[in-house]
Amino acid sequence: MAEPVLALEGLRKQFGGLVVTDQVTLSVAPGELHAVIGPNGAGKTTLINQISGVLPSDSGRILFAGHDITRLPPHERARRGLARTFQITSVLPAFSALENVAVAVQAHAGSSYRFVGDAAAEPALNGPALAALEEVGLAERADVPAGHLSHGEKRALELAMALVTEPKLLLLDEPMAGTGREETARLIAVLRRLKGRFAMMLVEHDMTAVFALADHISVLIYGRILLSGKPDEVREDPQVVAAYLGDEIEFER
Amino acid sequence: MTQAVGPVEAAPRTRRSRAAVALPLVLFAALALLPLVTAALSAGYMLDLFVRVMIFAIAALSVDLLIGYAALVTFGQAAFVGLGAYAVGMLGAHEITDLTIALPVALLASGLFALVTGLVCLRTKGVYFIMITLAFGQMAFFTASSLAPYGGDDGLTVHERSTLFGVAVLDRPVVFYYVVLAALLAVYLTCRTLIASRFGRVLRGAKDNALRMTTLGFQVYRFQLVAYVIAGMIAGLAGVLLANATEFVSPAYMSWQRSGELIIMVLLGGLGTLHGAVLGAIAFLLLEEWLATLTEHWKMIFGPLLVLVVVFVRGGLIGIGTALAGAVSRRLRRG
Amino acid sequence: MTRTIPLLAAVAAVALVAPAQAQDKAQEKLKIGVIATLSGPPAVLGQQIRNGFQLAVRDLGGKLGGREVEVLVQDDELKPDIAVGKVKAFVERDKVDFVVGPVFSNILQAIVKPATDGGAILISPNAGTSNYAGRDCNPNLFVTSYQNDQMHEISGKHAQDSGKKTAFIMAPNYQAGKDSLAGFKRWFKGEILDEVYVPLNQLDYSAELSKIAAAKPEVVFVFLPGGMGVNFVKQYRQAGLADTIPVFSTFTVDESTLPAQQDAALGFFAGSNWAPNLDNPQNKAFVAAYEAAFGAVPATYAFQAYDTALLIDSALKATKGDTKDRDALRAALKKADFVSLRGDFRYNTNNYPVQDFYLTKVAKRPDGKYQTEIVEKVFDDYADPYVKSCKMK
Amino acid sequence: MSTTLLVVQVLNGLQLGVLLFLIAAGLTLVFGVMDFINLAHGVQYMLGAYLAVAFYGLTDSFVLALVLALAAALAFGLLLEAAVFRHLYGRDHLDHVIATFGIILFLNAAVKYVWGAAPLSLPVPEALTGSVALAPGILYPVWRLVIIGSGLAVAALLWVLVSRTRMGMLVRAGATNPEMVSALGVDIRRLFTLVFGFGAMLAGFAGIMIAPILSVEPGMGDTILILAFVVIVIGGIGSIRGAFVAALLIGLVDTLGRSFAVDVLRLFMSSSTARTVGPALASMLIYLLMAVVLYVRPTGLFPAKGR
């Protein structure tokens, strides 16, 4: 088996007296889409924040492509190929969609201390950016300020921004939250197209999306991994069904 | 569908960019022609006034660079102006008057001060940043006030204007005027270029959404620090010119009221447009000059004027212009 | 939008140039620019200068040396660069022959060059710094007040002469403050228990008052102009020190601050070249006229500004109203051929006055107003020592 | 540097501290609850002092002047809120800055227009003049003790109001999470108006109490405003407790710095150098303190949670 892109070892985060994540151990293989599911307050977003470095971890280790990144600042992690989207969409609202992606290209290109030259007119930045917009189906909205995009479009834009950084791993924090049925279907299609190019960790409530996309699923409850396995195993695990999935979940195949 | 949406959404962009090109062109053309007007009216005094205006415009540009493009509301920019001025004054006191020495020293001093204080200030955000820049401004002010060998609180006279390779080029008012205008133009273009560059794009992005920029891999703090140093040096340049214009250097140049006035100029003109800062400096100082000739109590008029500008229009004078232009074009389209 | 800009510029140009053109017709008028601090807390001093000068012009029938006078007044806002701008406007736009002002020494430092380089004659009705009395003395600068140090020397001399052994001295932490304490120490040879510099515009003197109470000096000397003096005097009285330790001062208790200090200042001593009750007919007339016109007792600022107008009047009479021949004008000014409100007055070679100085004391007049009153003469025909380093003859 | 002198200086520092607290309390509330930067808070302090002088002139009674001036300060604060500030809630901080700066310019010029440029004064109430002997030979003015006492009383009152009443609960909640307060169905506008008026009155009260000690003059609020901002920033914006601690800290540091800086420096350097450096250092001590505090704790000593 190939070396995992991401390996978490006993990760823990505590806010005051409240333990939010505890002894989280899991690994993501290259090219794999690993979904993390769990009820509200299970610590999913905290986990994403710990991995991306927005929150420091109290204990445990984060190995990324074999290197310990537990103590690295977020921008350092990003530079090593760890990209993320946010639960609440996070784009640059005053910038056009194209410029949003172009900034991401620029981040990846790593030469941002250039004080001359019109960045907005650089083919080296705009070319890949436009291509990424194409991939997520936003090419026609390239000139629209990101603040004016619909919710689903912002999600797609975030994806495009992550794409151009050619990440080794993409952390997706509830990309389907707040999107309409139609947009959800479109996003699922986009993600399916991207699958295999890099590893993804998907935190999601929408079980349709999770079971449509995931190669591997971990169930997080009260900050701990309850179970980790293939979608079929998870679906059929009585413990999960009882504790979390219940009867309400409809499965589509 | 998107075909129809496109042009409508694009329309404000083109209008804005047309104004962004035309307005500064007109502004600078007017400034370039001014000496002809003053010569015709034999109002040489106006040159001095506009020299002062342009120097403050340079300082205001540095403030706009920070507030308007990097979301760094600095309340201590006057300290850098003062540093530049003191470089001229103190070197002058030791009979070093040449710009080839004074200018680099001034820029280095203000840049270094910005670097050191910026390292501390940029740890904080928002109002805390405002106040910590104020704190450093005040420290600079009190330090200058206690410089007894250089006049202390009284300030010191600059006995002769700076020379260039030993030639007293700045002594002729018209030449000095054009030197200041050239400096203003250079600073304006520098800022313009900077903002459009990759570097500037990171700054603007961080203003929009700093967390997003960080997770994209930018170390925002460093970009802001570089911007802070550049702005400090620009303000230092304004100080060099101010010392030459007034032929006097004083701790008063560093007072917090001065820093406040610079912010007001930028806001009055229109934040985040650059030419708004220039326009704001012109409007602020001319208004002050004009109102003061009307009545001793001119601040009773000036104060409410500022309130009205804020309450009823957004985006300062540039905002008024845009709103007017919008209303006119709507009227035209309808009629 | 784009069209409004040149329009604005044109309007601004016209607005700023128009006064100059309008005045062209009245070429005969003598133009005098008065620059004084008219905003912020020290505005009261600037107003005294403006009022004193305008009163003199009025008393002289609107004419100085036979020429109609136009007095232009500008506020320096106590900002040196603003002052420079205003003075340049006087000289270059308004083409004034005389600039009268300012109140403060730091403004004087800033405006001497632009005023005199521009060809005007600068007459300072208050600030008189040591550098212009000595090394930097200037033929186009005249001072109608005093050399700053002299006012402080009065207290030092009197403390010494009256046999005081210990003193506590205090001034703001700026150049004039340091000069002040140096001036006091030039004559006082007793022990200085403490020499305290407070930040400029300090409001609360509790810290210093405690020190004074602990040090128990025989005399306190302070130089705390304007609002600082008001605060100090009130707090000194409240601390119960006023009845035990006498205070000698300069610019701390005068007619500009007494309306606020009132009874708290009674018995405080000051050094001055004049007082409202100085006994000569011209001064009596001046004080009465000033009080009638402005409803307040004049202070030194007002009387010196009044004298400034008298000085210009005398010089223009000598030159028959001519200001073009600057050598003649300067010579006439230097003669100082006028009856000063303070009595004896003549110019030294450095264009600073030689005059008498008095110890004064705060008193309440029968009409309920407060003023300083002459106690005794401390210096007779006193010249400043800096004149030695002035190269002018 | 005797112990008695030190005691007196500590009292002096305390007096400056409570004065700063009176001003900073309103400022930090308005800032914390409404997210509004009110630079005009300093001129409200000035106005309090002027109103007290004016009413004293009319009534010849300090108590009456105090009551009337407080009422007028409150009324003026409410008027200002309704006329200007109400239109600016939710706008950018910089809009607040420019508008309230305009109000400063106006009011400074207006008081000069109405009352003249000369400093005015208010006598200490007859019963509270004089000094008490703290130790043989060391007198302390009664009025200063009154200021300290009334400042502490106001602080205690504020503490009760904020921690024990429903209104206080809302104010605290508003400082940490304004959305939540409006979600509770509270008329947030009325709460704002109330807090604002109260803050204006506190600033006015500070002005009235200090008028017998300091000269009343145009622009007297500008310096104190900056100090008050230093206080609320060190204390943590929106925190009354922070404002209290920071105000006393600033009061003490400033007073003690001014009285002992030269003496302390004399231990390290020559007397004349100490005299030059000391006062400059003393002037910047509080700014140095603020820079250090913010460096160590970028949101102040007691940051209100959630912002």
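All chains are identified by letter, namely A, B, C and D, in their written order; residue positions are counted from 1 within each chain.
Throughout what follows, a residue touches a chain if its C-beta (ideal position, glycine included) is under 8 Å from a C-beta of that chain, and two chains touch if they have at least 3 such contacts.
Note that this is a predicted model, so its numbers are computed, not measured.
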| note | Hop count on the shortest chain-contact route linking chain A and chain D comes to 2
| Using each chain's Cα centroid, which is most distant from the centroid of chain B? | A
| How many Å are there between the centre of chain A and the centre of chain B, using C-alpha atoms for each centre? | 42
| Centre distance in Å when chain B and chain D are each reduced to the mean of their C-alpha atoms | 32
| said: Quick check: how many Å separate the C-alpha centres of chain B and chain C? | reply: 36
| remark: Where chain C touches two or more other chains simultaneously, the residues are 38-39, 173
| note | In chain B, the residues touching two or more other chains are 145-146, 148, 299
| query | Multi-chain contacts in chain D: which residues touch at least two other chains? | reply | 109, 112, 279-280, 283
| All touching chain pairs, where touch follows the definition stated at the start | A-B, B-C, B-D, C-D
| query | Which chain B residues qualify as touching chain C in the complex? | reply | 19, 22-23, 26-27, 30, 34, 37-38, 41, 43-46, 48-49, 52, 145-146, 148, 151-157, 159, 242, 245-248, 250, 252-253, 279, 286, 289-290, 292-293, 296, 299, 321-322, 324-325
| query | What residues on chain C touch chain D, complex-wise? | reply | 38-41, 43-44, 47, 173, 195-199, 201-204, 206-208, 210-211, 213-214, 216, 226-227, 230-231, 234-235, 238-241, 256-257, 259-262, 296
| message | Using the touch definition from the top, list the residues of chain B that touch chain A in their complex. | response | 2, 6, 9-10, 13, 193-194, 196-202, 204-205, 208-209, 211-220, 223, 226
| Which part of chain A faces chain B closely enough to touch in the complex? | 52, 54, 73-75, 78-79, 83-84, 86, 90-95, 99, 102-104, 106-108, 111-120, 122, 125, 140-141, 143-144, 148, 161, 165
| task | Quick one: which bits of chain D touch chain C in the complex? Just the residue numbers, please. | result | 2, 4-5, 8-9, 11-12, 15-16, 109, 112, 116-121, 123-124, 129-131, 137-141, 143-144, 212-220, 223, 255-256, 258-259, 262, 275, 278-280, 282-283
